[in-house]
Each structure stands twice: as C-alpha cells, then as structure tokens.
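If you scroll down you'll find the structure; I have some questions about it.
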Amino acid sequence: MKGIINAKNLNLWYGETQALKNINIEIPEKSITALIGPSGCGKSTFLKILNRMNDLIPIVKIKGDIYYNGKDIFEKSIDVNSLRRDIGMVFQKPNPFPMSIYDNIAYGPRIHGIKGKQRLDEIVENSLKDAAIWDEVKDRLKKNALGLSGGQQQRLCIARALAVKPKVILMDEPTSALDPISTSKIEELSLKLKDKYTIIIVTHNMQQAVRISDNTAFFLLGELIEFGKTEEIFSNPLDKRTENYITGRFG
Amino acid sequence: MNLKLTFKRKLYIFLMKVAMIFSTVFTVALIAFLLFYVLAQGIRNINFELLTTKPSYLLGKIGILPDILNTIYIIIATLIIVLPLGVGAAIYLTEYAQNKKIVKTIEFASETLAGIPSIIYGLVGMLFFCQFLKLGTSIIAGALTLSIMNLPTIMRTTEESLKTVPQSFREGAFGLGAGKWRVIRTVVLPNCLDGVITGCILTVGRILGETAALLFTAGFAHALNGIITGLVSPGATLSVALYVYAKEQGEFEIAFAIAAILMILTLIINLVATLISKFFKLRSSI
Amino acid sequence: MKNKLFENIMQAIFLILGLIAVGFVLLISFYLIISGIPAILEIGVFKFLFSKSWAPTSPQENFGILPFILTSIYGTSGAVLIGLPIGFFSAVYLSKFAPKKIKLIAESAINLLAGIPSVVYGLVGMLVLVPLIKIIFSLPDGASLLAAILVLSLMILPSIIKVSINALEAVPKEYEYASLALGATETETVFKVSVKAAKSGIATAVVLGVCRVVGEAVAVIMVSGNVANMPSLFQSVRFLTSAVASEMAYSSGLHRNALFSIALVLFLFIMIINITLNFFIKRDRKG
C-alpha cells in the first residue's frame, strides 16, 4: 500500500478561524477513502484543498504540506491546472454544463488540447462507458445535458471528470442530492472505478462509508481523530469520540 | 503533472485578457473624454446672463431661461400625468389581476411601449394630441406624449417594489378585516415608495434627454411664459434647444453650454438614483 | 353591500389603469396604420420599399425608401459589429475579473453613458468626429455613414454591457467550479463555460441595443449629413428615423403621407426585433 496523497502537519485558517488542525494522513492508491464527521468538521475543506479549489477563496491561509506523488502541491513550480487535471472532482449537486452531453464530456479534453473528432468520440464513449451511463445516453449525445435526471447528471459529471484521465477523483457528498436508486448506482460505479482510480469521498451517510470504502478518516472540529481500515474504524474504534459518532451519539 | 500550460493555451488566455482590458479601458476612456470635453467646452460659456434671460434678436443675445422653465414645466406635467397611470397599472398587475391572459397582454404592451423609438412617439403625439385633440404644438401635448413613453418605466419600477412587499403585511391587514382598497392604501402603497421614486428619477432623466419626441409635439419656441400659459404654448426644452442651436443655427457655444448643463444633470440624476437605492436597501435591512 | 360596491369600483378603476398601456399600443398602431397605409398604396408597396430614389419634391417625384432601409440596416449592423466585441469583452472583464473598485468606477461611467442625451452625442459627433473623419480620409465632408456608425456604436455600448453583466453574474458558480476542477484556467472557464451559459442573456443585450440604435433619430441626423443616398461608408446618408424627422416640418400631401409610411416601416422593424427578443427570452426560460 503506497500513499498517493500525503498530508503533513497541515493547518488551515479561514481568516481567524482555524478549520484544519495539524492533519497527518496518507491516502493509499487505487482504493476508496471515506472522510466522515459531523458538519463543519473540516472534511470538505480538506477534500477541496487536495486539488487547490481553495485558491478561489482569498482569505484562506495554509501551513503545512500536502504531497501528491511525492511533490508538494503548494510549491510555486506546481501548475495548478495540471494538478486539477490529475485530481478530478465531483460535486455535491450535479453540475453538468448547459451544453450537449457530448460537449460536456469533450470539454476537458478540448481544454487540454485534444482535437480531432475521432479521438474525442472515442474519449466520450469510453468515459461514458466507464461511468456506466453510455447505454442510457448514447442515442442523445447531442441533447442538452440538463434534460437528464439528477442521478444521470451526477454520473455524467463523473464521466466528465474521467474524460481528462485523472489519477484521483475527489467526491464531495456526491449522492446527498440523489434518490436511493441513483445513490446505489453511484456506489456501484465507485466500487468499479477503484481498480483504476484513487477515490476520496466525503459522506454524511455512514452506511455508505461502510458499503464502499476501504479506509475511513474521522474528522472532528478540524482534527483528524482516527484513520484506518473501514472495518476496524466501524467495529473497533480506538478513540471514544469516533465510537460516539459512529454509534450516533452526536452529529 | 508538472506539465505547464501549452503555448496555445497561454496565447489564448493572453489574447482574451488583452481584449478584455483593452475594451474596458477604451470604453471608460471614451466616456471620460466625452464628459471632460463637453464640460470643458460648455462651462466657460455658462454665465448668469445666459441662465436668466431669453433670446433676443434685437440685442443678438441668447438666453436659455425659457428653455429651463419649459423643461421644468414638462417634467412636472409629465410626472403628474404618468404617475397615477403607471402606479395604478402596477397595482392592478400585482394586487388585483387574476386572469393570466390580461396580465400577459398588459406586460406585452408595456414591453412594446418601451421599445418604440421616440421619433414614432413624436409622430403619433403630433397626430393624436396636437391635431386630433386640438391641443396644438404645446408643452402639454409634449408632456402627454412623454407620459406614454415613460409609462413602462413607472410601471416596471413600481411593480418591482410592490413585489418585495411581504405577503404577510397584506395578510395581516386583511386579517384585521380591512377591505382590499384599504389594504392597498395603507399597507401596500407606502411600501412601494422606493419604486415610485426610482421611476420618477429615471423618467426625469429620460425627459431631460428627449428630443425627437418633442420636436413635433412641443415645438421649439423660446418664449418666456408662466407655467399656465407655458403649458398651452409651444416651447423648447433644453435638449430640443440644444438640437436647434447646434443643427439649425450653428450656435455651438450655446449648444455646448446646454450640453454641459445636461451632462451635469445626468451626473446628478445617476448619483441620486444610486443614493436612493442605497437608502431604501439600508432601510429595508433594518 | 355598500362596501362591496366600493371595492368593485376600485377594482374596475385599477383594471382600466392596467389596460391603459394596451390602449396606448393600440392607439399608436392604429395611427401609424391609418396614416401610413394610404401613401404605400398610392405609390405601390414594391416601388415604395425597393425603389432606390427618394425625390419627393422634384418634378419627377419618386418615393423609394430603399436607401433609408439599407442605411438603417447597415448603420445598425456596423454599430453592432463595433459595439458588440468592445461591450462583450468589457462586460466579461467587469463581471468576472475586475477588482471591486474598478468595477464600481466603470459601472458608474457606463451608467453615465446610458444617461447622456442623444443630442449631446450628436453635438460631439458633429464637432469632433465629423471633422476628424474628414481629415483622416481626406473627404470633402466628414458627415457620413461611418460617422453615424461610430456614434451609434458608442450609444449601443451601455445596453450591451449592462445587460451582459447581469447575465454573466447570474451564471451559477457550480458551472465555473466544475470547469476549474477539470484543469481549465479562470480565463478559459469564463469564456468557454460562463459565456456559453449566459449566451441568451447576451443575445438579449444585443437586441435591446439594436432597438435603441434603430430608433435613434437626432444623433444620426446631426452626424450623417442627411442626404438620401444609397448607403456607402464615406457618403452622406439618411436613416429611416432621420428621414421622418428631417422632412416632417415642411412636407405636405403625398410627401407627408409617405413620411408616415416610413414611420410604419420603422415600427414594423422594431416589432420584429421585439418578437425576436421575446423568442430568445422564452427559449431561455424553457432551458
């Protein structure tokens, strides 16, 4: 087990408030890591700095390091656009662009300079197949993506993220806006994708963490309380606070 | 992942940034030029005599007092006519209307009115008010024409502010057994004051700048009149006077003086409009 | 009972006030049609619209308004051609990139531009732009289609910029985040996602601008030279609006009626533009 992402003594402030306190974590490659914890515990914040989406918020201050493949992602020489190409993201609310299904998937590759109809066709088809939505949309690739159902839109967003060939996929509560059937489809899909990709998923749903993740990290008030194999965290938590949380005493 | 952006992407980003900054700087610079040029050319021609006398061919002098007065008369008359119409229409749309078709028709009509060019208002105003209603070329005919023109503005601003009056205010008043009209008069109307005032300011701005609609309805006389005689006589507003002096008579110094006055008034109107919207926002947030 | 009657009367009054706008539209349409149709019938629809010469006062009088129609179309297209890119890029910059202070200053400048009376544009055009064109292109007279196009492109800017800014600011942030997360830069994101998402709003902005420019009369009279030539960039031309405005004062008989017909044509132009605009807005609402 090799860590693809390592955080070392990571601290983060929004203005004066400290949102992450001295986080140390090593996230293993080609597996699913679930980040759990009550609202405001810092798990989403942690997820978003992994591809530096926090750059958009000027008041954020960071101390400490995050290494991706051994390189510090906050270093000046790092190109944030290539970083985000490597570390893709799926958001809480499905957010397909208001364009055709085809153009949604082809958007990323086109940005990164891939041209030629044949190559793009190929990428679109493969991405949609990988996201298990090809059969549902193959006859209406030119239709507007906003016409799809919520669950389909979310899988389309996953396909869109896959199209730029990332190594890591960050998922920020990807099923919280979806119905149970769509949710289980996304979960199945995640299990299938972990053969090729590293997935880090923030979830409020503890059953979901148990069902799909290999490792679980429990955050509380900006601290990483416990990190380990999902089975162990849920059957045998080391920390009292973890136990309280997973047994539903708070949060 | 240390792959830097390709040259093509960098070039695209660079070109877009250049285009954006160039366009913005160009626009702002042009506006600044326009403002300072007109003020510089105009202000030195503004003097007390110009503002307080009427033109006299005998003395070979030009004064713009009649034009200032005409502008004030036409603003007052237009507001008196258009306010009840526009506010009433907005009240109908937000408080009474139930039939969707009627609402749609009224809204379509109002949008259409907003899009009609002022020269067409001028023509129809001339045919209807001056000729058919026998008002002749007069300030009042001009004011009536401008009222139609500005009806959509008053309707829109009033409607917008009526929509922000919380439904609970109305329900509260109805709950006390008040009739509909009483609710509107005591609860709804006082709360849409900001919309009405904003509408008035926009209307004043439009009247100040209007020329084409007034050429054939209010005419371009420069006689000095009181408000009553003024209303039924032909008379040029500042903008019309500016047009006539520049286009027909080649009196560019006077034209620039008027232009500078109009420019300053436009600045003041914009300032007041901003202040008022800030004031009402502040008040409603308390 | 008395109360009920009173409420009904009030309701009727407000209904009438509400319908007044409709009444005015009908009044305007009615007057334009009854005063505009006779001359068209007398001259002949085809001859009126497509004949190239306008000579109302010559012995061989001719009433062809093709020069005016084409001038209005060319003038408006020219204004859009120049005003749209400048307005579009300014709107994108101000809505997505500009620091707060710059945005505030630029927006109040643009509000000022929107409020400046058209006669003032005309005056400055007449005294600055027209002589400048005369010198630069060494023409006998600088009053030309080009001068009109330049003035109109300035006048079209505020509506393009203001409405586009609103449309761009209404684009959900989620779209932009998604694009950034795919590795697009902010500039790429704005131009390839935000602008696409706001395109019907931007189209509305252009149409509103076109409305203002097609209907503009006094500024173009002052800078275009006002001769009924077929349009050509460096020649003196006359627009539909200026044709009505410049001859109304002294015309009579068929000539006068023909001016009303021109106004009717102009009105139809505006109605077509408005309907196009409504189409855009409706399509937008449907998603």
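Just so it is clear, A, B and C label the chains in written order, and each chain counts residues from 1 on its own.
As a convention for this text, contacts are C-beta pairs under 8 Å (C-beta built on N, C-alpha and C of every residue); 3 or more make two chains touch, one makes a residue touch a chain.
Not measured: the values here are computed from a predicted model.
S.K.: Where are there more C-beta contacts: A-B or A-C?
M.R.: Higher C-beta contact count between the two pairs: A-C.
S.K.: Name the chain with the Cα centroid closest to the overall protein Cα centroid.
M.R.: Of all chains shown, the one whose C-alpha centre lies nearest the global C-alpha mean is C.
S.K.: Using mean CA coordinates as chain centres, what's the chain B-chain C distance in Å?
M.R.: Inter-chain centre distance comes to 17 Å.
S.K.: Just how far, in Å, is the C-alpha centre of chain B from the one of chain A?
M.R.: 53
S.K.: Can you compute the centre-to-centre distance for chain A and chain C, using the mean CA position of each chain? Integer Å is fine.
M.R.: 49
S.K.: Hey, what residues on chain C touch two or more of the other chains?
M.R.: Each of 185, 188 in chain C touches at least two other chains.
S.K.: Using the touch definition from the top, which residues of chain A touch two or more other chains?
M.R.: If we look for residues of chain A contacting two or more partner chains, we find 81-83, 85, 111.
S.K.: Hey, what residues on chain B touch two or more of the other chains?
M.R.: Residues 5, 9.
S.K.: What does chain C use to touch chain B in their complex?
M.R.: Chain C residues touching chain B: 3, 6-7, 10-11, 13-15, 17-22, 24-25, 27-28, 31-32, 35, 85-90, 92-94, 97-98, 105-106, 108-113, 115-120, 122-124, 126-128, 154, 157, 161, 185, 187-188, 191, 211, 214-218, 221-222, 241, 244-245, 248-249, 260, 263, 266-267, 270-271, 273-274, 278.
S.K.: For the complex, give me every residue of chain B touching chain A.
M.R.: For chain B paired with chain A, touching residues are 1-6, 8-9.
S.K.: Show me the residue ranges of chain A that touch chain C in the complex, using the header's touch definition.
M.R.: 51, 53, 56, 81-85, 88-89, 91, 93, 95-99, 107-108, 111-112, 144, 146-147, 157, 160-161, 164
S.K.: What residues on chain A touch chain B, complex-wise?
M.R.: 68-69, 71, 77-79, 81-83, 85-86, 111, 113
S.K.: Give the list of chain C residues in touch with chain A in this complex.
M.R.: 172, 174-175, 177-185, 188, 192-193, 196-197, 287
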